[in-house]
Every structure is written in structure tokens, then in C-alpha cells.
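Multiple structures follow.
Here come two complexes built around subunit A, the first alongside subunit B, the second alongside subunit C.
On to the complex of A and B.
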């Protein structure tokens, strides 16, 4: 009697070995068709002069050379960084302030769940609605913001928030972004703070440390990984900023070209100027920049943790 | 039980998927023609064609902003379900390059003989092959208020008013005179954009043409804006429409009429620079001012818009489709029918325009508007139009706006404009190269 004389394994009707693969097929097919294929097709398109119709001639690396030497693309990229910079400072600053308030052992503020939900609400509103809301509120002739400020005597003439200086318009977009995302950051920071052991705070309090000393020496260092995570994910999203500046500027990037972001520029190249090949190259240049930024940020984060 | 419910749900899903397809029109069956257009006009032409020939025509009207995408997507896959397609002039070059419009050379002789020159030229691709025809011409004019002209200039004669708009310098002078009398020359400075191609195309022999005329246009636009010679009511705004019937508040912008301050200072707009279809808009919004307008010439003859009809290269019903196109664009009786039915549209067949040239338009002070528009259409120089006009025109408009608002000085704005042209069309030589 040996293994070679053992009867062949009988596969019954309830054998689930193959079902796993079968259930994966719909997702895999959808992923290949709607995610992988478009990316590959775009990559191939980036080496041609395709206009969205007709035939496409191969131009090899001309589109990439053009993107790397295009002053308007880099101007749009710098605009993106400016708007993201204002956004992340306000977003993280406000989220951190609220986190400290709600986590304060002395005040013991109530209603955390309710406030968490309220702060997160702006994130649930569609970007289109947000853009039109702020465009209406900030209209320099009839907007509510100017009306309130005038009535309160804080300004003597309406401020042209979105049509005057480019820096003001960029600041507005940054503030709108912070308003939309600070709730999300608050939730993440609160989760991070609640993961810090209470023993540290009690020991510090016993040792006579004040509120700000505790914040600087315990809360901030231990929150750094979460803050880095928020900053990195915000950077990845921020470099793809498009909808708010596109809609709030009336699709023209005005005033001047101050609200022109890198993706806005890509969109115009592809769908207004019908230069699909060049737009595809811009997309991959952006992808490379985001990938490098993410890699560097993650390395820094891991080093700090070590 | 679970298996029965699963099977039933799967069957419902399959049925819903089946219902998604098969509802689009099928061309060619029973000689039915399928037309995709961006203007309501072709519905009337289709009904008349069916009445005359018995051939059924199904017309789908697509919003102009969506039309190029729809055509590119559908015809890009060589779909033959559509028989007749259209395009506005700025779309035609791209459509010709894409191979969407079939060859209409069999109508070449008729078209060159019957149609206004620029319509015939616009219908040809860069190899000179005829691919589209139009039933209308859309020459431009300065549509002015006769009563205000008499008050300020002492005359409402079209020839005299034409002199007042003959150059950009004359326009600045006219604007100052009107402002002194309490009126605004235009709704906004965008009215001047129609004269951007006064003396040269934007691009010639691969080089951007920044002519003296274009620099004068920029100076005039800045002057009119900064001296507040315009009403700051953008074209298509509620206040702009309302101005055709009388006065409007200054600086109304895009606000709805009920949002405007009733105590704000008011003005009246003296003139509107628009293609011939604009005359219809003014007629329809003039209310008590109907009959109080006239048409005059501007800095140059121009045209704007217009529906050009062609046959889908991939249609399985090309013969019938070509008959429809010929019916709409090269038939004198149909042109006369359309002229009367539309009550204002200017047809493209020269003999019909000539036959109606003595028509006195009561909406325009009994002026012979067909004669005027026929002459203007004949004077349009189509060689001044290029495929770069839309993108370069928009970029130039943004440069002008930056100078108007004091965001940039003229030199910086022009340099930025050249950079933008270079970024979009690296093959074009600009003054900064």
C-alpha cells in the first residue's frame, strides 16, 4: 500500500478551488479595460501628434522635450504649488488647532462626534457646487462677502477677489481647498492623537509641564507620521488640482494666467487646442513628478520613524 | 429560492442592457435620411424636403458646444448611421482633415456659379475639394440706433455712420462724442473683436502677423474700456438684451435684471457689431425700438458663424444625402422659400439676393438690408480666415483684457501673448523668436 495506489481525488460539486478566480474575473476585466488600457494607450499617444481625429504620426520624444521646455507648463506647475501651499498650511493648521482643542484634558470639550460630522460636510459637497458657491459669494459687485464687509465698515470699496490680483485669486482657491479638506485632516489627526498613550500626558502633567510644552514635546512629535501622511496625500491630490480653479475662473484661468494649473493646462491642450499627443506627454511628465515627490516623501517619513 | 431570485435578477439586468442599445436611428432603411445638426433651421428644411420629395428625414439638433465631440466620437469610429452632418466655419478644417465630409465635387460648378464667393471657398478643403455648402451667408455689420445718431451726429444716414466706424481711430473719436452725450458706443469692448482680421490673416507663411491694425485694435479696446465709453454689459447678458429696447444701468455685468440697482446711473447703447443673424436678435428684442435701427459698415467686412452642410463619408445613403444637400443649398426656389419663411436670414444664392435687394426692412427703418448684406458678403475675403483664429483670437483677447484692467502693461501683455501662441503652436514664428 503506497501513495501511488491511493484513489484519485474526486472533485465534488461544492469544491471551491476555482470559484475564487471566477469571482475575480469581472473586476480584473473591468480594471484592464477601463484603467490599464487607457493608461497604455495614452502612453503610446504621447509619442505621436494625434489631434483626436484622423491619423497620428510618430514624433518620438518631441512632445516630452516640448513639455520640459514649455514656459507656460512650468508657470502652471508653479501656480499649482502656490495654491496647494496655501491650502496645506491652512488645512493642517486648522485641523491641528481643532485637534488640540478637542483633545485638551482640561477643557474636555463635548460633542466631538457631532463636530466631526459637521467639519467633514464640506468634503461631501461636489466640487462644481463649491466652485459656483464661492464664485457667487465672492462676486465683487453683488457677492455676499463684499456686502457684509462693506456694511461692517471693514472695507470702503468692494474687493475684486477673483478678478483683480492673481495672488488674491490663488489665495481664494487655496482657502476653498482648505475649507473642503480640513475636516478630513481633522478626523485623521484626531485618530492619531487618540492613539497616543494617556500615560505620556499624565507623566508630563505630574512633572509640571504646561499645555504648550506638552503639545510641543509629546503631541507634535508623535503626530508627525500622521501629519506627513496627510501632507503627502494632499500633495498628490494637490498637484492634480483642476476643478476648483477651472470653474471659479470661468474656464479661462484668469486673472492673467494665475489660476492655470498643470492639469488645467493639460485639459486645454487636449480638448481646446486638440493636441492630444502633447497633452498625453504632459500627463506622464506630471505622473513622473508626483511619483518622485511621493517617493522622496515616503523615504523621509520612514527615516524619521527609524 | 435563492437560485430563483438570482436568476430573475440576472434576467432583469440582461433585459436592461438590451434596452440600452438599438434605440439610435438607423440610416438608410426605407430611404430615410438621418441629419445631425446644431441649428434648428434644418428641421424646417427637412419638413419641406419631405413635402417635396416624399423622403422621410429625421433631424437631431445637438448643442453647438457638444457637436464637435459628438461628431468626432461617432464618425471617428466610421459610423454610417448618420447621413448628413453640418459644421460651423471654425470646425470645418478639422472635420475635413478627419475625413468626415464626403467629396461634393459634382456640385462644384453649380456652387461656384450660384453661391456667394466666401461660402464656396469655406466649403473647400485645403486641396480645393468641395466638401460642404451653406444655405446662408452671415456677413457682419454695425447695427446702430437711428434716433441716437440723429441726436448726436445730426444724421442717421448709413453711409455717414459707416464713416464713424471706418477705422479704429474713428471709432475712438465716435465713442468720445457719444460719451459726451451720455451714451455708450457698445455693450462692451468685445464688439471690436470682429474687426481683428481687418488687413491680414493671423498666420501667414508660418509667421504670426501682428499688424498695425491689430495693435490699433488693442489700443482702441483699452481706450474704450479705461475711459468707460462702453456700458459694461457683455454680449448675451440680460442687460445687453434689455438695452435693445431702451436704457440699461451702467456696469450691469452678467447680473439678472431683477438684481440690478434701480438707482444706478443708466445709459443707452448706440451700436451692436454682429453678423446678420444678430439683426434678427435685435429685431426680436427691440420692442418699442423696432424700426429704430439701421445697419452700417465697420472697419472691415466680416462674417461669423453659419451652418455648412455636408454628407457623412461613411453614410450608406450618400446619393439621397447629396440630393438633400443640393436641395437645401443650391435650389433657388428653396432659397426664396427660406428667405420668406425665416423672415430675416440672408441666403447664400446670389441671384436670390439680387432678386430681393429692393426689399425694405421695416425693422430697420425701411433700409434695404438684403442689398446691404449681399454687398458685405461679396466683400468678405475668406483668405483672411485661418484654422488658428479661434485659439489665437482668444489668447489675444486675454492679453487685451490684462491691459484694460491694468494687470499688465502693453509690452508685457504682448510678450505673454506671443509665448502663449508659441506654447500652443510651436511651429508658428512669433516676434519674440
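On to the complex of A and C.
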């Protein structure tokens, strides 16, 4: 915190910088109580055989060894990755495509507010309602989707979306996730683009820069911080996938165990099996994985800055 | 421009619009099906498909309201979401401003810790959080669902980046020279300039809170305190409703409608505030 590096904006005796610290106090206090402490408490828990009540004995690394060698946990983790993978590719790809489309100087697409509102709509609905809605719409025998497809002659027999093969059910969850969240990513990316001065685009167009040149040299670099934000939050959110698979599978992870996600497993361990200590260790293993991924992503996307 | 080129541009533009409209339909149709199906009886839904409303709405309505206290759940969810959105908007903006525009001791440390915690998945602390609430007697209370909103690292991070890109420092100098207090400067100058960014994050925060399922599920046992998502999730266990698909659709529709109605009114504000000043439509 070298004072030499401080910009010369606050000259003289009216130094106001301590106000910055004051402004951060409510955040810091709440943060310590409701974010930092629970994490530390969970960490301590992960070394014990705590059951959620009563006394706990120290078991050192037993919970971690168990988690790392627990095939059920890894199966759940791979399921999570599959569903998130389908989700993020669709979600970010679509959002970026739409952002580029609506910023195109040549086509000047109209109706941005309307489309943005419509695309954002699915994001407003509680996951539980979405899960129930799709569970009902995709019902094998009585679901409207199969009825439509049959009527249109696109399929000859009803597809068992959520009760047949695990891969199909996972794909459904991934697509439903993308359906829900692409509008949100789109809004964030658009907000980022709108932070970019229109003059850049106009100047570039006048100078005869092509669409891809503009995209590569103006939009992408200036969108980088927002892209990073969207990508990292999506990764963190994605690996925490819980409600939709939990509810769409009727809280059991079926078909097979294909919709059993990592957090689903954690939840069952903690609140059904009452193995809080082991569940805490699972939370930390998950965290370690997320941390490594985020760190790599952060580095990759931040390379040219600073 | 030559004529053929104009034609080509128009054609491509038409195709692009067609794509956009298709995507928009994909977003709307599931809701439309939901509304239509909530006016049909279980039998009708099982045997046929229709995009036109039928006549069993009243029947389904009686079934739902008799078996589910859905409006209580709606009020509960609204209370939690509104309170936490106000907290998250105001305090995140304040913290972001403090971090972005002041060089105080610990600034970098706080920012780094925040970045680290942004990567912390919510359920890393879930068990400790549950344990803490248990110890403080906050199970079956809304406090743990509202107050933690004051500290939302993700929102602060976004708003800090936002301030850095939209707030000209020179704007702060004049009122400072005029002797305005720092908090006044924040309220009168910084907040209005930040409002598009805050609005974006507030929407997210409201929906996040409204949609929240895992934490309320863990913390609330008293049925009277159940949030709307929890009620919908428990539909399966209400025999009279789950045995009639029409009623299930209606219950989901009731849970979805208020937020769609609110969005119809707010979306204008939301969208104009986000695009204020930069998009010329």
C-alpha cells in the first residue's frame, strides 16, 4: 500500500480515505458472522464425526479419505459435471451470440427490450416451479411434449425423457438450466457492452473495420471482466446444482442415480443420514475442485491485464 | 449499395428475426402450456393436447386452495425477497464505492478475501451456517434468510468493476470542495450513477432470494413459515393435488403468475435503467 502509488486526487489535509473503511464496516461484520464463521465451523466439523447434535469426536482425516474413495460421491460429481457442461455451453454460447447480434452495426436489430424481457422470463421462475413444470410437461405418458411430438409425427413412440436412460435425463436437466439462465447471461453481457462507448463502434465502422474485427478488437477485450464474472459464477453455481435434479427426479436422483448431484449427496449425508462431519468433508473436497478450476479460469482470462 | 446487396441484407435480417422469434417462443410456450393445462381436468390432459383453455379452472382452483396454503407461502417469500434485495442493493453499492474510490488500509486485503469467497460455493458454509443458526435459536426464523444479504461478495465485485468503468472521479471533487459529507456524496451522486448496475444486480438478488430453496429447506420446519418454492416442492406429498395433473399445473401457475405480472410492469424500468444513456433504440 505504498503511498507513492496513490493517485494525486486527494491532496492536502482533507484526506477522506478513511471513509472508504467506514463504508465497508456493515459488510465486514455481516461477512464475518454469516460467511466466514460458518465456513470455519464447517471446516472444523469436517475433522470430526459430528452428527448435528451432541458431542463430536475428532477423527482427523478419516472423512476426507472416505470422500476421496467414495464411488457414490464421484459418480454424483461426474453427473454434476455432465449436466453443467451441457448447460454452460448452451447458455454462454447463446448469450454471446445474442449480444453480438444486437450490437451489429450493419443489421441494427430492433426489439432489443422486448426480446431481452422474453429471454429473461424463464430466469424469474423459482427452480422448484420450473422443475415441476418440466417434470409434468415431459411426463412419459401424459406429458404435453410427447403429445405434441406424436401428433406432429416427429416420433412414433413416446420418449421417456426422465425415466429412461440416464444420459437423456441429464441432457434434459442441462437444457432446462440453459433455458432458465441464458437470458440472465445475455443481460449481463449486454450491460457490459453498453458500458462500452458507442463511439468506438462508430469510429471502427467508419474506418472500415469488419464485423469480426470489431468483435475481436473491441467487444471481446472490453467484455472480458463481465465474461469472467459470468463464467466463474456459472461454474460455482453449476457445481452446486441441486434443486432441479433433486425435484425433477422426485428427490431420489432417478433414473438410476443419474440425477444424483454432488450437493444432493452432501444434503442427504448431512440431513438424512446425519453424518454432518462427512458431509462437511465432501463440501471441502467440492470446494477444492471449484477453487482449482476458478483459479485456472481467472488466470487464463486475466492474462493480459495488470 | 447495389440492389442485390440490399436484398441479401434484408433476407439475412429476416432469417435472424425468425431465429429470435423462435427462441422467444421457446421461452414462452412452456408457460402457455402451463396456463392452458391448469384450466383442464386431469383426464383431459392425460388423453389429449390443447393450446386452448378449457373449463376446469374452478374445479382445479378449489382443489388447490383447499389443500395448500399457497398465498401464505407467497407472502412469506415476498417478505424475505424484498427485505434482502433492499439490503443487498444498498450495502453492496456502499461497500463497492468504498472499495473502488478510497485507498484505505486493508482495502486490498478485503477485496482479495472477497474474491476468494466469491469462489466459495454457498454450501461450503451451509452446515456451519445451519449449526450457527441452531446455536443462536434462529431455526424457523427469517433472520438468517435476510440479514446475510448485507454481505454479498459477488454483487460487490460486480459493482466495484462497474464504478471503475462509469464513475468519473472528477464528479466527486466538486461536492467535496463544497463541503458535502461523504455519505451525502454517495447518496446524491454515486448511487444515481450506479443505478443501472445496481438494478441489474438487484433483479438477480430478488430472484435469487425468491428462488432460494436449499437454505430455507434446511432452516424452516414450521409449515406456516414455508416459502413458495418449498410449498411447490411439497406438492408431491399432497395426495389430492398430485393425483390431478390439472391441479398440479394450477398450483405451479399460481406460484409463477405474481412474478410474471410484476415483471410485466417492472421490465420496462429494468430494461430502461440498464440501457440508460448508452443504447439508442
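Here are some notes:
Convention: the second predicted complex is superposed on the first by the 229 of 306 C-alpha atoms of A that agree within 3 Å, B and C clash if a C-alpha of one lies under 4 Å from a C-alpha of the other, contacts with A are read in each partner's own complex, and residues count from 1 in each chain.
Note that in this section a contact is a pair of C-beta atoms (placed from the backbone, for glycine too) under 8 Å apart; a residue touches a chain by one contact, two chains touch by 3 or more.
What you see is a predicted model, and the numbers here were worked out from it, not measured in a lab.
Partner contacting the larger number of subunit A residues, of subunit B and subunit C: C. Legend: residue contacts after superposition of the two complexes on their common chain; A:243 is shown touching subunit C, with no touch to subunit B.
In the superposition on chain A, contact of A:34 is made with subunit C only, not with subunit B.
Of the two partner chains placed around the shared chain by superposition, subunit B and subunit C are both touched by A:141. In the superposed model, A:218 lies in contact with neither subunit B nor subunit C. By the touch criterion defined above, A:71 reaches subunit B but does not reach subunit C.
When both complexes are overlaid on chain A, the residue A:231 reaches neither subunit B nor subunit C. Once the two complexes are laid over each other on the shared chain, residue contacts for A:286 go to subunit C alone; subunit B is not touched. In the superposition on chain A, A:204 contacts neither subunit B nor subunit C. Applying the stated contact rule after C-alpha superposition, one finds that A:122 touches subunit C and leaves subunit B untouched. Across the superposed pair, subunit B and subunit C both touch subunit A at residues 52, 141-142.
Chain contact summary for the complex, subunit C toward subunit A: residues 9, 12-13, 16-17, 20, 23-24, 26-28, 30-31, 33-34, 37, 45-46, 48-49, 91-92, 94-95, 97-99, 101-108, 110, 117-132, 144, 147-148, 150-151, 153-154, 156-158, 161-162, 165-166, 169, 173, 176, 182, 186, 196-197, 200, 203-204, 207, 210-211, 213-214, 218, 228-230, 232-233, 235-236, 245, 248-249, 252, 255-256, 259-260, 263, 267-268, 271-272, 274-275, 278-281.
Partner subunit B is touched in their complex by these residues of subunit A: 51-54, 66, 70-73, 141-142, 163-166, 252, 254-257, 269, 272-275.
Within the complex formed with subunit C, the subunit A residues making contact are 1, 6, 9, 14, 16-24, 26-28, 30-31, 33-43, 45, 52, 94, 101, 106-107, 109-113, 115-129, 132-134, 136-137, 139, 141-142, 144, 147-148, 151, 179, 183-184, 187-188, 190-191, 194-195, 197-198, 225-226, 229, 232-233, 236, 239-240, 242-243, 247, 250-251, 263, 266-267, 270-271, 276, 279-280, 283-284, 286-287, 290-291, 294-295. Residues 72, 76, 94, 97-100, 251, 253, 255, 259, 391, 398, 401-402, 405, 407-408, 416, 419-420, 423-424, 426 of subunit B touch subunit A in their complex.
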